[in-house]
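Listed next: structures, encoded as structure tokens.
In the two assemblies presented below, chain A is common to both, partnered first by chain B and then by chain C.
And now, the complex of A and B:
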């Protein structure tokens, strides 16, 4: 019997899912060898989170009509709900199609020539009056080539460090945490470690909703006996699989982590050999700025931990001491323990400290540098790692582990880029919150924002929106959609190509760089950001009588040209991925750096020669196996930091007695600019709500669906209540995704002194029935 | 007319009752199971139907996740 088209598709879909879990299913013989009904499948990466799932986009008639997971990539063919609906984000009626110029309250369509001429004139005028009055705000969703290029334009070309990116808001504390502990940024482990771990210590991460495909693998390990410890003041969907769920007063997890270390030391469960061979001890004796750091020793650390008994930590945090002791025992006694964490730790005024403390536990116990044993920070955006952290777009960084503040690093990059000595400014530029403050005061006169939505995502957002809509400054926004809460404030909107409408590289959480192939053309006059950036840079430099420099600096024909320069820039550094040619990347399902030569397969685990890191012997020839070769100043040793407990910047008090925390839902991603365009996802989760536990709700006289007014010191909002036994007493949760209910009108823009990352996760609010 | 395959992950072992509840949801075809994972294909007249079914499956007690693998719409 002949297969109908629908039957063919149904069985193709079933085969894809079955092969993902290693299941053989019986197929009608008519299906054998049949292909799915698309013209071509184009390999790429999911547009959403930092998990970086491999996907294929199915193209027919110039459109993306299908998507399937890449079964040869780490995600083994699996996607999450959002990834499943990727095709729908491409054809939303809100796609930005033409350059738009603000005229009063309206936007009028203009040509690209007019847009580019205006932009060049405005930036040239601002730069000529004051070279430090122009700025660029980039994104962990932009391709690496785009971020690298703009970094070169601003730092190397224009000689200003007024360039930062939205990973300042989500990953800066993790980055500074890794650098201050290990000497260099980024996790040393890999997703592969999940298959070897016997214990998962998951802190401040609702993986089931924020990184579902990674969560699926963790849950699989539970089935083979792995223990799951979940540390979160909410009983989230993720906590359903926990063997031990540790709830605590928000902001007091530092006390818990120190108390676990106290137990490990007091009961002699630490790895004396590992600590003696591979670590040093440091403490901050003065916060500065700049902070004053002093070395200490094991005895100093033991003395420091005396204040953090489980009993003391229970008094501070509300987490039962028995749970703290149990967690410490599980952590150290399991054969291999893997930690995961995300914004619950990063988006805090003590974000760097608490990141250090996660690494401390692994270093103290030797639960590190081997399969299944590693400290792994999860990333929110698809290219925060590759494009911004690694590529050095943040205002204090230069590419591939180099620092603005380091004279030799500046000299290296000046030579590499071929710019005059002294061109790169020695003082780091303003960070995200500071940059938007400067834009509001007019200190920065012209700003270009690409691929991100700070008009919704900044903390205490209304304060910065006022600055962004000022008539005294010039704001350009490159966006795939209009309006967004940022593009609506722009003077000039540039329509941008989205996802597989352009090609480029993404680098996800486990140091895997992946090439995203172009599959279709962008709509109408939308263009790839890199094309626009190259045109802008050349025209701006011509306007500034620097055409001779532009010819040297910006002569790229395509993204591959930029990628080849990027590879060269990494050569000889602790990132070295010279071996990742575009040709290899097109064939591979991602490659993990370091990958110094074209015949190197990539590096599963860093800092251990036994597990294949080719740079151990290069940077530390005397090392037998483990070497933290990025920490040369500490003899290639990692640092165990003495970090005291310190609570949030704005804890609840008598006037504002609740703690507000914000976060994600499974249906949506970030500020919803893409997922809220998908009718099915929007229908499933249409608007924000406030999650209140039943005890607090009873005291307030609130039931589910009642309207509740939530007020912080910065603003207020009215939301529908969802009464659920999820947040602990005194805590409420609001999802962050909704432009019509911007919870960032209430959040606090206080930031970590070391990383400058804001404290989205905790601020004080009061609630009343509306 | 969209067709989506999903792997349904359950927290405990797959029992007849749970499997039956999933199989009886309109528009769901169960193709097999392995351990605590069930391969299903959801067909709909439009993508809204697929989303409704996914939501229904997620609300079944014992279901911990629904993971799409392949999604096509061939209007």
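And now, the complex of A and C:
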């Protein structure tokens, strides 16, 4: 409804007057600031982080005009600051509306037919010359159906494993951590555990800003007496609610975790029964590749821990030994301890090791497999778990727990997809950083990037941007916005439908899969990625004279057809969600796998029959309750790993004396393509800055708002200083969201040897007043 | 009676215009706290402060869509059920959360007309 100012004044006066004489005449709802006559509320999931808050999109006149939290979902109706502003991301003026082709330094509008023909020609030519010269880079923001489909096209159809996704940059260490400790990926616990926990052990996670709705629930538990331990070299907003904040030299948390285990063992606080019944011990004697692993035993573990007394850990980490002892006591003595961690642990060259060490503490103490006691990795993207980790859109994975390197798994998938034996290549493909290196050297000739922004988000990004803009390769970028720091480098930009402009499935951190219903049409000629992918695959295979195969492989009419195949693909695996029919998902407020049958309610806690995991009896019939049935080779037991302390790849030194860490602000998400388009969020957090503590600032002669030049071995940037007592001495922090101030020009692309996840969280820099 | 209404109209008209059309003074992109430190401290001490429900959620962007007195739509994102209660149970002139809730600390005011039973679920879920 539109109203002139004159009409508004008349109306206001009339209502005020009428009220004065007792009549109840309401102002139009817009003017009262009330609901803008929403025509329908459409159920979905928030577009941003991996918390996966249930949200309703309010639609009016074909537009999303409002949002409200889903009170029947785990988030109980709450949204975070940025979730409240979701409608504005849909109508941003820079939405990509038409296919665009690069002409020199410009882009020109072309038709979808022209775009598709060109893309098919380029990929077909590259593939014909060398099947390993085409690649796809996917996203933890794509729907599960999209990720599954492209995995099938590349691994099953084209016979190349040149397909990886951005969860390699954020979740790979958590995934390898879960697999190496418990046999299968993904947390065993649920958000529900928060309501049962009496102690929260939170490491490397600023959940107040990165996962605010989860933080809200943790804070509620504090009110009922739960203790909160926060381990972080910054005193973040999350630390405001901590009973114990443990600061340490960045990269030395491995020593702290081993020292906690040392205290627990020395003081006889461990659970002998749990350790004996459910664990084995392993050590890595040679990092490889391939790594050499040996089994060891309790005595070996005790001996290993000798080096990690609290005193020794204090020397390494700078964290007071009293705090380490106190943390160990709180962890083990609470009725139920829940651990949370995020990128502070994952984005490290020892990310897998430190993930293992978090699990070690739970296994050692028996703080696991019961309500409130669990080790829970927080996720960054809304479908990193569902679409990429579970669906296998990483270069070493096949769907639902299967591995490229495993011959039987390859055979399984070849049969399931109906492709010739030997089609799936046995060698894992390049991982994210490696893939962009190969694109830079021209080994990969044609690449398709969908729903992500590596031109800003890769570590040491400038090195990879050169490869992306090369004239010798062909880069297609499917994006909802243009330009982004990636689409500006593309040869072809395909306009993509965003969020509720298409339908599909998201799977978040607690194994909860949720259906996002289509609410509105995309703008102009933007299309759902899945439609484009299906058309591309069919046309490419026709061009390659494989039309007969395409008819069999890609005969989908819509996302529900793909979803039904995905359900079948999960059947019989540890992920089994056959019971999640589309009809059921439309009604439900998310269902947690395993969910093997249509009458199964979903599984809150895995690996425990007593608490409802339906697969314990299937995979380990003799188990009375607990079984880590993914670890069959270890007798269905979890592994306690002997992981030594090792620091970051690039610690500060005399030349580069500060450690740089990067992270989120509550206002923004990832590379800001969405949130920086929201006027309120942009106003609240307009640009990057460098956070320096007052002691370091005084030494540098820097005050807040002074310009500071930060330089690493890879690049340099000038930012405004914010002097605040948040980072510890020798540490500076820069938010990662801003395309005009790309901090990833400085970050380190060294990666974990096991997970291949880069060490965004620590690199060495020097600072000078600019 | 007619004269009374007219007089009343003259009195309330400027107030109505003020509420509906006010723009924020030019800010040069300053942080809200630079001028509104007192309000920020009250907010920080409250639940919205702890949960980082920042100024812009309720008040908008001062340069683009400033709302000095936030309407119900600003609360709906997280408190849809409570907003529905307000819409259903209060008369048009009372239809605001701040009839009962303190505006920055977001606690229940001592002067609240109805302290319990107004919201069907009895406050925020735990």
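Everything below uses one rule, namely that the second predicted complex is superposed on the first by the 734 of 770 C-alpha atoms of A that agree within 3 Å, B and C clash if a C-alpha of one lies under 4 Å from a C-alpha of the other, contacts with A are read in each partner's own complex, and residues count from 1 in each chain.
Here, a contact is a pair of C-beta atoms (placed from the backbone, for glycine too) under 8 Å apart; a residue touches a chain by one contact, two chains touch by 3 or more.
Worth saying up front: this structure is predicted, and the values here are computed from it rather than measured.
When the two complexes are overlaid on their common chain A, residue A:131 makes contact with neither chain B nor chain C. In the superposition on chain A, contact is made by A:87 with chain B only, not with chain C.
Look at A:66: by the touch rule set out above, it reaches both chain B and chain C. In the superposed model, A:644 makes contact with neither chain B nor chain C.
After overlaying the two complexes on the shared chain, residue contacts for A:686 are found with chain C alone; chain B is out of touch.
In the superposition on chain A, contact is made by A:37 with chain B only, not with chain C.
In the superposed model, A:428 lies in contact with neither chain B nor chain C.
5, 9, 12-14, 16-17, 20-21, 25, 36, 66-69, 77-81, 83-84, 208, 212, 215-216, 219, 240-241, 679-681, 683-684 are the residues of chain A that lie in the contact sets of both chain B and chain C, per the superposition on chain A.
On the chain B side of its complex with chain A, the touching residues are 1, 3-7, 9, 11, 29, 31-37, 39-41, 43, 47-48, 50-51, 54-55, 64-74. Considering their complex, residues 1, 4-5, 8-9, 12-13, 15-17, 19-21, 29, 50-57, 60-65, 67, 70-74, 76-81, 83, 87, 91-93, 95, 125-126 of chain C touch chain A.
Of all residues in chain A, those touching chain B in their complex are 5-6, 9-10, 12-14, 16-18, 20-23, 25, 36-38, 58, 65-69, 77-81, 83-85, 87-88, 208, 212-213, 215-216, 219, 223, 240-241, 679-681, 683-684. By the touch rule above, chain A contacts chain C in their complex via residues 5, 8-9, 12-17, 19-21, 24-27, 31-36, 56, 66-69, 71, 76-81, 83-84, 208-209, 212, 215-216, 219-220, 237, 240-241, 666-667, 679-684, 686.
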